[in-house]
Amino acid sequence: MSLLVNAFDGLAFGALLFVLAVGLTLIYGMLDVLNLAHGALYMAGGYIAYLLLGGASVSLGLWAGAALLVAALGVALGGVLSAAILPLRGRGHLDQALLTLGLAILLSEFLLGVVDRGFHTLPPPDGLDGSVLGSYPLYRVAVIAAGLVIGGIVYWIFERTRAGALVRAAVDDPGMLAAIGVNVARVRLSVMLAGCGLATFAGVLGLPLLNLRAGLDSEVLVLALIVIVIGGLASIRGAVVGALLVGQVQTVGVALAPELAAYLLFAVMAAVLLWNPSGMFGRAR
Amino acid sequence: MRAILAAAVLAAMPFVLGAYQLSLLTGGLAYGLMAASLALLVGHAGLPSLGHAAFLGVGAYAAGLTAKHLSESAVVQLGAAVLAGVVFALVTGWFAVRTRGFFFLMFTLAIGEIAVQAATRSGRVTGGDNGLSGIPVSTLFGLETAMPYVVVFYWWALAVVAAGFAVLAAVRRGPLGAAIAGTRENEARMAAFGYSVPGVRLAAVTVAGAVCAAGGALVAQKDTFVAPTHLGVGVSVLLLVMVLLGGRDSLAGPALAAVGLIALRDVTSGALGDKWLLVEGALFVLCVYLLPEGLAGLWRKRARAA
Amino acid sequence: MLVLREVTVRFGALAAVDRVSLSVEEGERRALIGPNGAGKSTVFAAVAGALRPVSGRIEFAGRDVTKLSEPRRARLGIGRTFQHSSLFTGLTCLENVALAVRARRGLGLRAWLPRGRRAEIEREAAGHLAATDVSPDGPAGALSHGQGRRLELAMALAARPRLLLLDEPAAGMSAAESAELASMLRALPPELTVMIVEHDLDLVFAVASRVTALAAGQVIADGTPAQVRASPEVQKAYLGT
């Protein structure tokens, strides 16, 4: 019974990781930039929502408003990141990734300077703070639902709209898109902005689940990266499967074998890499 | 020649510096060695590792545990650390070298964080979150009874660092170093020559890991304390800043940058505290924008111009 | 020396090489010709071990090498040049060749070599560069296109292969450079088996003793240069009529 609860927790955690990782993986696919600021963006989302809402339980409407505002801020930060990367074009992918890492340190240390390095959390909004089926926290169910909705929207955009088709085509062959007269730069920018918005939104979504604290940025970044290593770069399906897997390892795995959970994550990653060095759904790039 | 001169100057430092500065320099040299070992991966092998601190931590825990349970001899602890570094490099590197580019970066970052978790959760052995404390002071050939410990330990650290640098320099200049550079520049060609590309890379990771673990042993011996944070991203990033600042394709550059940064961090720690990390981030960004080849690049440019 | 039996290589649904069989004798100079996309470079990649066939068998010197990795095959004596110059641009020309020499001697992963061995390797590398008329000093990245192609050749020869695969060695060369290359290829030791993919048919007919024509991943003609030139299938594949 308690394992079932763990599995459900893992589903909620996986949903949260998916919201974070899907942006990261698509930004990589579109821009060839590994956005190592993704964890800091998540953290920024959490801290800004915490500052806005004052750490107290608020109404669902207010909470949603704050979440939207934070997502918009994430989009703006995405714009800043894109502009910052611009001068480094033609300087190799590593330098761009390193730049995002440097900016990530600045962003997260700035936030920690504004608040402090201690633990902070925010209770779920009114209406989502109850429990279902006796004692299971309703908020976690809501996170799973949010993950499903966002996953559905992303999938729909990709598979059913012209914009999504452009992104898919650009991932496969950027040269071809430019050749047929599509403004690749604009498609790229949109993906960057959307991905960063999702990252800060995930930060709000995760507030009641993961405590705000120093080091949260790298912790979630690493988990999102493991999701991508497992699932494969630039693959939405990969992000889904990877996130669900990591979610389970981090909950069920920890419950079953607390001492081994860390190695379990490594084992899963290593096994996938042995099978396909580009991840489950990845292609060699 | 320059290396011998530098070693001679450094060896004379105990006659110039006070105990506190000497201890600071000891730490700086240890970090310098570890940064140089990372430069072998990032610059020479083209393998951008974001988990190099794992080797520091593995070496430090191995040395600390040896000191607590096995032997108080600094040499034995160093041997244990290097051995642990080699084993850790072979186990994680065997998988890591099959990836490349960003996947390598992500994989190493993940390994570093997993190592932190492993150290935190194995509390009975490692002391968990609180770290491994109560490491006894190492014995150094009995010299410590005749002279101040800071001085003897400084010379010991200097000897280890010099040996580590000699290994790194020899590897860079020798056939293996050429093969490592070859896999960085052109994998397909190296395979066509008959080199096993993963094998060459694993050799690079193992050399860098073993040398870094030796530096980790010095950290454990100097501080008589190891914490899980020693393995984490924070330290990996610090090492990377040293490499970027000093120059990726250099050994002396990152080492100098390490000594400078460790000293700067210490001098400003009273005024800045945790805000030091902001300085680190700013340095990081500035290096990427302004110093793609680090200070070593500036030096070379000036040498060419003159 | 080299036998391919019903070798098929697929990229997804596309069979880039479709049940290709061919046999190359020791010392032969075999050219592979065919229009773009015929599968010539894919055959090379399969022989060298860079690509795995989905079916079929590759034998080299009487040994089944189908499942051997590329480095293993290289150590058995299969050497190659690449269609696009594939140099170590950051290293000197001498070091480019020395990498091959050390690999052949099994010294590639030594951490350190005594001075005498180092000098010996450099002498051998310099010899290969002299034979292909490339200056040993200076970075490989600074070479002209034609010199780069010759350095490619020097690197492949330095591995002392028994079978040498030349993938469009004359690509991008001027007529004069191409003629010079042809005389270099004719001067190769007679016991060396050479396979060459080349669009410059003048070079092909100047060098090859036997020609295999491919189209759409299949062998459409095989024989002496004169026979292949006269083959109606080849005419059709090239002229599209």
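Just so it is clear, A, B and C label the chains in written order, and each chain counts residues from 1 on its own.
The rule is simple: a residue touches a chain if its C-beta (ideal position, glycine included) is under 8 Å from a C-beta of that chain, and two chains touch if they have at least 3 such contacts.
Bear in mind the structure is a predicted one, so any value in this text is a computation, not a measurement.
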{"item": "Innermost chain, where centres are averages of C-alpha coordinates", "value": "B"}
{"item": "Taking each chain's C-alpha mean as its centre, the one farthest from chain B", "value": "C"}
{"item": "Chain B-chain C separation of Cα centroids, rounded to whole Å", "value": "43"}
{"item": "Centre-to-centre distance between chain C and chain A (centres being mean Cα positions), rounded to whole Å", "value": "47"}
{"item": "Centre-of-Cα separation between chain B and chain A, whole angstrom", "value": "31"}
{"item": "Parts of chain A lying in touch with chain B, wherever the complex brings them together", "value": "28, 34, 87-88, 91, 93-95, 97-99, 101-106, 109-110, 112-113, 117, 214-215, 218-219, 221-222, 225-226, 228-229, 233, 258-259, 261-263, 265-266, 269-270, 273-274, 277-279"}
{"item": "Residue ranges of chain B in contact with chain C within the complex", "value": "170-171, 174-176, 178-179, 181-182, 185-186, 188-197, 199-200, 203"}
{"item": "Complex contacts: residues of chain C adjacent to chain B", "value": "48-50, 69-72, 74-75, 79-80, 82, 86-91, 95, 98-100, 102-104, 107-113, 155-156, 159"}
{"item": "In the complex, chain B residues that touch chain A", "value": "48, 50, 92, 95, 98-99, 101-103, 105-107, 109-111, 113-115, 117-118, 121-122, 232-234, 237, 240, 244, 274-275, 277-278, 280-282, 284-285, 287-289, 292"}
